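First subunit A sits with subunit B, and in the next complex the same chain sits with subunit C.
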Partner chain A sequence: MIDPTAAPPKARRRKVTRESTLQALPWLAPALLLIGGVVVYPAGYMFYTSFRDISRFGTDLGWAGWDNYGKVFALGHLPRVFLNTAVWVVGVVLISVLVSLVLAQFLNKTFPGRTVVRLAVIVPWAASVVMTSTIFVYGLDPFYGVINQFLVDTGVMAQPYGFLKNPVSGFLSSAAVAVFVSVPFTTFVILAGLQTVPGDVLEAAQIDGATKAQTYWRVVFPMLRPALAVAALINVINVFNSLPILRTMTGAIPGYDADTTTTLTFKIIQGDRQIDTASALSVINFLVVLIVIAFYLRIVRPMREV
Partner chain B sequence: MSTLTEAPPALSGSRAPRPTKPTRRRWDLTAIGGVIALIFLAPYLIMLSGAFKSRPEILKVPPTYLPAEWHPENFLTMWGTPETPLPSNLWSTVVISIGGTLLALLAAVPAAYFTARHNFRLKMPFLLLVLITQMLQPTVLASGLFREFVTLELNDTYLSMILVNAAFNLSFAVWIMHSFFSAVPKEIEEAAWLDGCSRLDSMRRIMLPLVWPGIVTTVVFTFIACWNEFAASLILLPTDTNQPLTVALTKFVGQYDSAWQYVFAVSIIGILPVVILFALIEKRLVAGLTAGGVK
Partner chain C sequence: MRRVIKAAAIATAATLGLVACGGGSDSGAGGNTELELMVPSYGDKTKPYWEDLVKAFEAKNPTIKVKLEVQSWDDIYKVLDTKIQGQKAPDILELDSAGPAYGKEGLLFKADEIVSPATLADVVPAFVQSAAIDGTAYGVPTVASTRALFYNKELFAKAGIAAPPKTWDELLDSAKKISALGDGVSGYGMPLGNEEAQGETSIWAYGAGASWGDGSKITVDTPQATEALTFMKKMIDEKATQADPGATNRTPLINVFIQGKIGMITGLPPVVGQIKEKNPALQWAIAPSPTKDGKPATLGVADYFVGFKKDGKKQEAIRKFLDFFYEKDNYVKFNDNEGFIPATKSGGEAAAAKPELKEFIDALPGAKFYPATNPAWSTASGAFKQLVGQIQTKPAPDVLKEIQAKVDAGG
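Moving on, here comes the complex of A and B:
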């Protein structure tokens, strides 16, 4: 968390005296109220709702036991949605990390115009994902889509293809866009990791006669592991929670063949207006997220240094 | 945390040239970099070109890459498009983003200052809670948030989304500000107090200028996150005049002959300012987003 060189721990211990929690309260209260009211409470309320019977108009009709979970697991398309979710998260994160490893390595070199390239790379990160996805919806249209036209003009395809007209190619196109918007963040985390590799270590490897490949795999890559792990886990959370890409790009395809558990939850909330069933599915999603957070906390290990 | 110090310059550039590898301008790398830049900018160039096309041209088969005729008046006529009340949508985005950013900052700064300066029993649990919040997103809590705000009769209000945006961006704000406050030696503050500065004065004259970059980073990042928020707005703001731009834009998609030129013109307004802001804080972002997990 805190660079030990920034404030020597010894001086810190001498200066900072333990104070009562009561004194801390006024300082922490606004933050605690926000987290309590808008994160913890809705999480609890969602859990509670998942065991209630709620009408389409929001009236609480009483205790439902495990009925809502039963309804979720009775959904005929659920196996496909689970499979999609696994492919979506693993595929997008894996490809994003691989692409970012190469891209970060490249951006770590010095060359004229590097700043401009770095700035270009952050654009998909800063831009609204809905807006980026919308551009692809237009570009991939088989009739007036510019991307389709480009692929035909460059000879990649013989004729335009309706990428977003069927679930499989729509899902894969969305995954490609998900990679596109995940790569910038991942690249910059890895880039930060690359800059922790000390120059003398690289020089020592060179003097010892290591080849470039050996230097990378034996020296650089092992030192990159913490950055990679953090980048991968944050991406897992982001990609798992990603709603706008699939909703914008495959939302018009009927059925659930291009859905993940996240987009399915939103279809149940908005399309079916079954907030109770949606809550049960959200609780399942929430448990998945908590497992990822547990891994994250192990890696970041906040207690050790703060 | 290394947020205050500039990232070390790239290795090959900072060291004295090695005998085997004289430093030279790598224009070959610049060429590859140009291609990479073009790939990442390509969709936004499509957007830029599309925003200036006429409606018949943007639906033309086969499409044109660049507008045959340029129609800058799209940026004026789009506000009256029937799909969605765009002026209200922009207003909504602006109000929610400013409100969410201010609230996040107001809640984060005192907490970050106190945890950086004082030791107390609940410090670790508090920071852990903040760290866990950082990994949570409104998407996964959407149904709970919806139920909560309906019960409070706050659904379909700007306030609901200001609260959601502030809460889910609080952790980033706390981490960044915490690292900045921690980096200011306590002695500096104490010296100011000895010289007769009041606590408030020392805060204003000593601390604020030192942590200013942190505040800028926090404000910019939170603002952009609020600006781009989609999932919670979709659920919590059913009335079209309350919806932000992100939700409003989805109404164009899926129609038989969408007004794409307006979609892109609005998107330019939605993307350009945040990209510029983002570029300003790029260097400090990673540290805050990974909660210092990567030094």
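Moving on, here comes the complex of A and C:
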């Protein structure tokens, strides 16, 4: 049996929705234009460039098909660079989140001078990444670095070591700096998450006789899930695309043993002057981030309600 | 009244519009010419120098306006490429030998078209020819520099070395003696990090008689270059250099020399000024770059002025400006400011009076230049910066092959 009055309200509602979308457009337009101009257009242009043959001087020499992608996959050092990238992203994000969990817990307690400590945590975040990295470059210098000097004076090392002059130690030092600059943001996201945990839930856990560890793992931690999801996702993207730290700290190391896909892209542009190949690598980079995030959302299901 | 203002506004807008249509350049109302001048920045004194010079020039030539644009060395190539692609090349450009290379594409006036015969005759001929393309010179040299060996006399005396080394073997021997002094002192400072690895490598390779090819083909992997890189590796392996030369950049390493912790290092004329400013107490001297068999050879670098042809109407104005720049007082002041060697005979006489520049001027006849008129040199130079430091861990011939492969692929 068909109810003749059932369809019109639905249609009307759809019409209303369409009208209100149209009405909202003037207010959305600036944002849309901005997104189109600074996100969609450059990304689209990058895809386009990755299929063109571009000369050293930037002249477009025509269609290149998959040649640029072929060149990227023919690079002998690519496996090492991908491995580096994986270690870089997983290592930096994991350590940042672990450190931040502890730090946020600490900052959530009331103690005298808490505001000052909270402000101090923000400092590495507020400072320019290039500046922070440069400070470490000087500190770790084998000739006049204070960190090297300290390690020698305290007897940890017999003589200064060129931390940023060897691929493995340079890479690890850069990762440490990456953690250092990622921790503030992560901490504050988790801290915000901690403050959403209602006091009565904690009280209830106490009344039920839960130990401190049980309270944390069974009550607090599950409620941090959305905050952790945001912190981890944004960190993955940031760390994956991070250029300045590695560029500043390991840029002088010859070869590609301390490179991630992002710094390799930069070297292809700057050193080899191959804008087309670099675009292809950027597209691959972009796809890898998308896949990583898709897997993350699928497997960890961070947004699932508790 | 309001109508008058409106009319005036429209007229002004129209005039401005017309001027803009005319390319913002040539003939304005009074036959004025506007010259666009683009120069790289060597240091803090570059921009004030050009501002003063432009002011003095405009006072003398009221019909010519000069629009100055100073760019950093990092950006100038990119800015220039963009401008040339947009048909907005500057009228006068100062650049390394990549400037004259535009002559290949027919964009430039010839050297004798942008300066008077008297000015051109004053320039040292070797410099004019250094960036000639198929025998035609497009650039007029502005500054020149050669490299020489700076050494620390105090460390030499401590290690019991009488005279600065002339050959590689002597260099290795002296460097080892100085390294043996201990206390964080290194014998020879070898910067192979990405800042200027192509410079250090070229000095060694030229010292073995190698060259990097010519205007048509870049050849890196030669027996002479292999010999040079193998000896560099030997220096590293026998601990005659500072630790980790492969990733050490030039500027910080020169600072370490200035602090007195390095026995010998290759340097440019401006280093003289840096030592005077930062550590006047340092006991130092300059000697020619050591070579394989002691025959003088080193790396020479020159920058050039070129004039872009475009519609050809501004040739006269360009010539006036450049002749003004090469007037002895203006030109000597420019080189004094930057600490380089003048490329003119009259300027050279003025510079020869300064003892600290003598070694660099003496090195001129043996100086070899980068084959930078070949566009592929930029790829080769980039490959050197990124890869040559690997000789620290890899066999030298493999590294050269890797660089050659990059050059060939860059095409």
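Note that the second predicted complex is superposed on the first by the 261 of 306 C-alpha atoms of A that agree within 3 Å, B and C clash if a C-alpha of one lies under 4 Å from a C-alpha of the other, contacts with A are read in each partner's own complex, and residues count from 1 in each chain.
Note that a residue touches a chain if its C-beta (ideal position, glycine included) is under 8 Å from a C-beta of that chain, and two chains touch if they have at least 3 such contacts.
Because the structure is predicted, anything quoted here is derived from the model rather than measured.
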item: When subunit B and subunit C are modelled together on subunit A, clash or fit; value: clash
item: Partner chain in contact with A:Y144 - subunit B first, subunit C second, else both or neither; value: both
item: Dominant contact partner of subunit A by residue count, subunit C or subunit B; value: B
item: Which of subunit B and subunit C A:F171 touches, first, second, both or neither; value: neither
item: Partner chain in contact with A:F185 - subunit B first, subunit C second, else both or neither; value: first
item: Touching partner for A:V116 - first (subunit B), second (subunit C), both, neither; value: first
item: Touched partner set for A:Y69, first subunit B, second subunit C, both or neither; value: neither
item: Subunit B versus subunit C as contact partner of A:D272, first or second or both or neither; value: second
item: Touched partner set for A:A252, first subunit B, second subunit C, both or neither; value: both
item: Overlap of subunit C and subunit B interfaces on subunit A (superposed complexes); value: 58, 143-144, 251-252, 270
item: Touching residues (chain side subunit A, partner subunit B) in the complex; value: 1-3, 6-7, 15-21, 23-24, 26-28, 30-35, 37-39, 41-47, 49, 58, 103, 106, 108-114, 116-132, 134-139, 143-147, 149-150, 180, 184-185, 188-189, 191-193, 195-197, 199, 202-203, 206, 226-227, 230-231, 234, 237-238, 241-244, 247-248, 251-252, 262, 265-266, 269-270, 275, 278-279, 282, 285-286, 289, 292-293, 296-297, 299-300, 302-303, 306
item: Subunit A-touching residues of subunit C, taken from the complex the two chains share; value: 81-82, 84-85, 184, 192-195, 197, 242-244, 246-249, 252, 256, 259, 261, 375, 378-379, 382-383, 385-390, 392, 406, 409-410
item: Subunit A-facing residues of subunit B, complex; value: 1-2, 4, 7-8, 10-15, 18, 25-27, 29-30, 32-34, 36-38, 40-41, 43-44, 46-47, 49-50, 58-63, 65, 103-104, 106-108, 110-111, 113-115, 117-124, 126-133, 135-137, 139-148, 150, 163-164, 166-168, 170, 174, 179, 182-183, 185-186, 224, 227-228, 230-231, 234-235, 245-247, 249-250, 252-254, 258, 260, 263-264, 267, 270-271, 274-275, 277-279, 282, 285-287, 289-295
item: Complex contact set, residues of subunit A against subunit C; value: 56-59, 71, 141-144, 159-160, 162, 164-166, 170, 251-255, 267, 270-274
